[in-house]
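Below you'll find a set of structures to go through.
Here chain A shows up in two complexes: once beside chain B, once beside chain C.
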Partner chain A sequence: MLKAVLTGVATVGLFALAPVFYANQTLLFSAMMYLVLAQGINVLYGFTGYLPFGYVGFFGAGAYAGALSVLRLGLSPVLALVVGGVVAVLVGVVLVPLLRLSGAYFAIANLAAAQALYYVVSNPDLQALTNGPYGINLAVAYNATASYAAMVALLGLALATVVYLRHSRLGLALRAIREDRISAELAGINVVRERTIAWLLSALLAGLCGAAFAWYISVFYPETVFSLNVSIFAIVFALFGGAATLAGPIVGTLVLYGLYSAIGISQPEYFQLIFGLVIVGLVLFLPDGLASLSERAGFEVP
Partner chain B sequence: MSSEVSRVSGVSGIGRSAALSDNAARLEASGLAKRFGGFRALDGLSFRLERGEILGLMGPNGSGKTTTINVVSGVYSADGGEVCLDGKPVTALAPHRRVRLGLNRTFQVPRPLRGLTVHQNVEVAAVYSGAGTDVVAQCLEWAELAHLAGRRASTLNNSQQKRLDLARALATRPRVLLIDEMGAGLNPAELETMAHKLCALAEQGVALVVVEHVLGFLQMVSSRVIVMNAGRAIFEGTVAAAAEDPEVVRVFLGERHH
Partner chain C sequence: MLAYTLVGGLLFGLYFGLVALGLNLVFGVMRLVNLAHGDFLMLGAFAAYWAYQLFGLTPVSALAAEVVIFSALGLALYYAVVPRLLASSDPEMLSFILFFGLSQALQALAVIAFGNNPRSIPATVFGRAPVRILGQAFPAAWMVSGVVSVALVLFVYLYLYHSRLGRATRAVMSSREEAMVSGIDVHRVSAAALGVGLMLAAMAGAFSPFMLGSIEPGMGTAVTTVSFTVTVIGTLGEPLGTVLGGLVYGMSLMLMESYLSSWANLLPYLLLIAIMLVRPAGLLARRARYA
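Let's turn to the complex of A and B:
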C-alpha cells in the first residue's frame, strides 16, 4: 500500500514538475493522457477481464461533450471537464448490456459502439450541433497551463483509483469475478453490480481525459478523438507493463510512448515494426506483462 | 467396511433426529424441471430437507443430480417448479441473493478463485455474504487450510481445493449446503475425515444435500437417500433399502439383471 502510494505520488510529482525542466509540454501532456487511459483500461481489464477495444469511444464522447458545453452552453472549462466525464458515464450506462458478452464478442461489440459514436458525431447533418466532420475549435478557452494542471490532477485521480481497487473489498470482488464468475456469485458477490461499477469508473476516467485533451489541444476533428489507435495504444501500454498493478501501466506507457516519441514520427515504419513485435511477443511470451517478470524474480510490483 | 461405517453413521443419527418445530422445511423443492434443448434433465423433482438433516442424492450418470444442485443454488434457472428456503420462495433470486439467505454449494470439480490466495478466497466470501471477516480464521482452521492461507489457490492439490471450496461455502454461514461429489478423488482416510466433518456440520444445524457416487461415504453421512433416474426421484429411503429396491437395481445395473 505504502509502496503504491509512493509510486503514485512520485509519478504525479514528476509530471507536475517536468515542464520546468523540459520544454516539450505537449509531449508530456500526451504521455499523461496515455497514462490515464492505460490506467482506465487497467481498471476494466485488470480487474474484470473485459478488454475494451472501443475504449476511445468514451474518450471521444468526453472530448466532444466537454468542448460543446464550452462552445454551446458557455460553461467554464473546468465545469466542462465534469460534463465530459458525466457524458462518458452516460454512454457507459447505455452500453451496459455489452457486459453480457464476453471475450472477443465484447471487444468487437465495444469497437462497433465506438465507431457508431464516431459516425454520429461526424455526421454532416448534425453540423449545427457537433460541427460534423469539420471538427472543433476551442480557441476561446485555450489555456495550456490550466489544462496541463487539470491533466496532472486527473492522473492523480486515475492512479488513486487503481490503488483503491488494489486494496479495497471492491477490488477483491472484481478480481474474484475475473477469476471465476460463478464462484464469485457463490461468495455472495453481486457480479452484475460490481462489474458495472468498474465499467463506469473506467468510462469516467476516459471521459474526463477526453475533455482535458480537448481543452489542451484546442483544435481537433472527429478522427482525432475517435481514432482506434488511441484504444490500441492504451491497451498495449497497460498490458505491456502488466494489468492489475499500479506500476505496470506506468512503466508500459513511459517505455512505449517514449519509443513512439523517439521514432514514431520520424521513422514510423520502424516504430510500427517494433510495436507489432512487442504485441506479438507480449501475447506469446508475456501475457501478464513486465510485472509478471518482476514477480517471478520475487519482487512484488505495487 | 461395516464397523467403521456404523460408528460414523451413529454420529449422523443426531442430525437425523433433529426435527423442526415449525412446519416449513428448511429447504423444499417442488416439481423442479430443467430442460437442455429436448433433454429433460429434471422432470418434476420434489424433496424436503429439515434442519440438521443430511440427504443423499444418488443415481446413474445423467440422472440429474448435479443439475439439481445447479438449479437449487441458482447457477441454472429452473424451467418449472419452486425452491423454498424456510418457506420463502427463492426460485427467482440470483445466486448471490440465495447465498446471502444462507444457501450455498460446492462443486464436483472444485472452482477456487485460482489467482487469489487461500485466505482471500475465504475472505471474499465472508465479506460479501455478510458473515463478516471473523469467520475466516475459523473456516480455514475447520478445513485444515490455515497453514496454507498465504498460498495461491492454483497451487493446491485436489483434496485441498475441495476443502477450500467447502471453506468458501462455510464462510457464508450457510443454513443449507449442497455438496457435489465430495468423495471423488479422495482416499479412504480423507473420505472418513470428511464424513465426520459433514456430520459435525449437521449437528450444528446445517442441512446438507450430498450428491455422491461413493456409496460407503453416503452410508457414513446420510440417513435418507433419494435415488434419481431421468430427472425424477424413483426411490426414497435408507441406503440399505435402496440397495434392495428392484427399480433402483434395474436403473443402476440395466434391464438384463432384472
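Let's turn to the complex of A and C:
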C-alpha cells in the first residue's frame, strides 16, 4: 500500500513539475492522457477481464460533451470537464447490457458501439448540434496551463482509483469474479453490481480524460477523438506493463509512448510494425506483461 | 429501384458471405478470433492487383495462385502460433489480442511494401457489357463476384460434408476433446482449417476492388468488422450460416444505401450490437453465450 501510494505520488509529481524542465508540453500532456486511459482500461480489464476495445467511445463522448457544453451552453471549462465525465458515464449506462456478453464477444460489441457513436457524431445530418465531420473549435476557452493542471489532477484520480481497487473489498470482489464467477457469486458477491461499478468508473475516467483533451487541444475532429488507435494504444500500454497492477501501465505507457514519440510520428509504418510484433510476442511469451517478469525475479510490483 | 436494390443486395450478400466465411471457419474449428482476417483479404487483393498489373491476369485466373500462397501461409501460421496459444490460460481472449498485433504488423508491412496509394483493378476486365437482370443493368464484375462466391461456398460445403477431412473438421468443431480422444489428428485438421480460412479471405480479396472499393493497406480493419457482423448474424462457429448472414447484411446494406444513405455506414455496427444483445448466438442459434 505504501509503495503504491509513493509510486502514484511520484508519477503525478513528475508530470506536475516536468514542464519546468522540458519544453514539449503537448508530448507530456499526451503521455499523461494515455496513462489515464491505460489505467482506465486497467480498472476494467485488469480487475474484471472485460477488454473494452471500444474504450475510445467514452473518450470521444467526453470530448464532445465537454466541448459542446462550453460552446452551446456557455459553461466554464472546469464544469465542462464534469459534464464530459457524466456523459461518458451515461453512455456507459446505456451500454451496460453489453456486459452480458463474454470475452471476445464483449470486445467486438464494444468496438461496434464506439464506431456507431462515431458515425452518429460525425453525421452531416447532425451538423447543427455537433458540427458533423467538420470538428470542433474550442479556441474561446483555450488555456494550456489550466488544462494541463486538470490532466495532472485527473492522473492523480486515475492512479488513486487503481490503488483503491488493489487494496479494497471492491477490488478483491472484482478479481474474484474475474477468476471464477460462480464461486464469487456463491461467496456472496453481487456480481452484476460490482462489475457495473467497475465499468462505469472506467467510463468516467475516459470521459473526464476526453473533456480535458478537448480543452487542451482546442481544435479537433470526430476522427481524432474516436480513433480506434486511442483504444488500442491504451490497451497495449496497459497489457505491456502488466494489467491489475499500478506500476505496470505506468511503465508500459512510458516505454511504448516514448518509442512512439521517437519514431511513430516520422515513420508511422515502422512503429506500427514494431508495435504489432510486440503484441504478438507479448501474447506468446509474456501474457501477464513486464510486471510478471519482475514478480518472477522476486520483486513485488505495486 | 426496388428490383435493382434486391438483386444488388443478393449479389453483395453472396459476396459478403464469402468475405466472412473464412473467419467463421477458423472460429468454429479453433475458437480463435482472427482479427487479422481483413488484412489477409487485403493481401489477397494486392496479390490480384499485381497479377493483373504484371501478367495481365484477371482476378478469376489469379485465384489459382492465391490458393497456393495463402493456404501455405495459413499452415505456416498455424504451426507458428496456434498450438502455443491454445495451451495458454485464455485462448479466446489472447487470440483476439495476438491476431490484432498480427493485423497491425501486416498493415505496416503492406505500407512498407506497396505504399499508401489506393489501387484498383478496372471493372472492365470482365467485359464492358453490363448484365441485365429483371430489366436492370448490373456491372459484369458484380455478377462474376457473385458466381465465384457461390462456387466457393459450394466448395466449403463439399469440404465439410463430403470429405473425410471435413467430417473430422466438423467433429473438432463440436468438441475438440472428444475428437482428440477418438483418434483425430486435431492439429492437422485445425491447420487445414486455418489454411482454407486464409485462402477464402484472399480469394474474396481478389474481388474487393469491385465490391468494397479501392485496395489499400488499411482496408482490413473495416473488412474485419463487416465480417464479424456477417458472422454473428449467421451464427458464430457455423460456417454455412455465414451465407445467410451475408444475405441479410447485403440486403440491408443495399436498402439503407438506396433509401437512407447518410446513415448507411452505421448499419453494420448497429446490426452487430442488436443481434448480440437480442440473439447473441446468431440467427441459427443453438446455444447462447452469456457472461
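Rule of thumb we're sticking to: the second predicted complex is superposed on the first by the 302 of 302 C-alpha atoms of A that agree within 3 Å, B and C clash if a C-alpha of one lies under 4 Å from a C-alpha of the other, contacts with A are read in each partner's own complex, and residues count from 1 in each chain.
Basically, a contact is a pair of C-beta atoms (placed from the backbone, for glycine too) under 8 Å apart; a residue touches a chain by one contact, two chains touch by 3 or more.
Every value quoted in this text rests on a predicted model; they were computed, and no experiment measured them.
Applying the stated contact rule after C-alpha superposition, one finds that A:277 touches chain C and leaves chain B untouched. After overlaying the two complexes on the shared chain, residue contacts for A:16 are found with neither chain B nor chain C. By the touch criterion defined above, A:113 lies against chain C but remains apart from chain B after alignment on the C-alpha atoms of chain A. In the superposition on chain A, A:182 makes contact with chain B only, not with chain C. When the shared chain is aligned, no partner comes close enough to touch A:90: not chain B, not chain C. Counted by residues of chain A touched, the larger count belongs to C, out of chain B and chain C.
Look at A:173: by the touch rule set out above, it reaches chain B but stays clear of chain C.
By the touch criterion stated above, chain B contacts chain A in their complex at residues 73-75, 94-96, 99-100, 104-105, 111-116, 120, 123-125, 127-130, 168-169, 171-172. Per the touch definition, chain C reaches chain A in the complex via residues 33, 81, 84-85, 88-90, 92-98, 100-109, 111-112, 221, 225, 228-229, 232, 262-263, 265-266, 268-270, 272-273, 276-277, 280, 289-291. Taken in their complex, chain A has these residues touching chain B: 169, 172-173, 175-176, 178-180, 182-192.
For chain A in complex with chain C, the residues that touch the partner chain are 49, 51, 97-109, 111-113, 115-116, 119-120, 123-125, 181, 228, 232, 235, 239, 269-273, 275-280, 282-284, 287.
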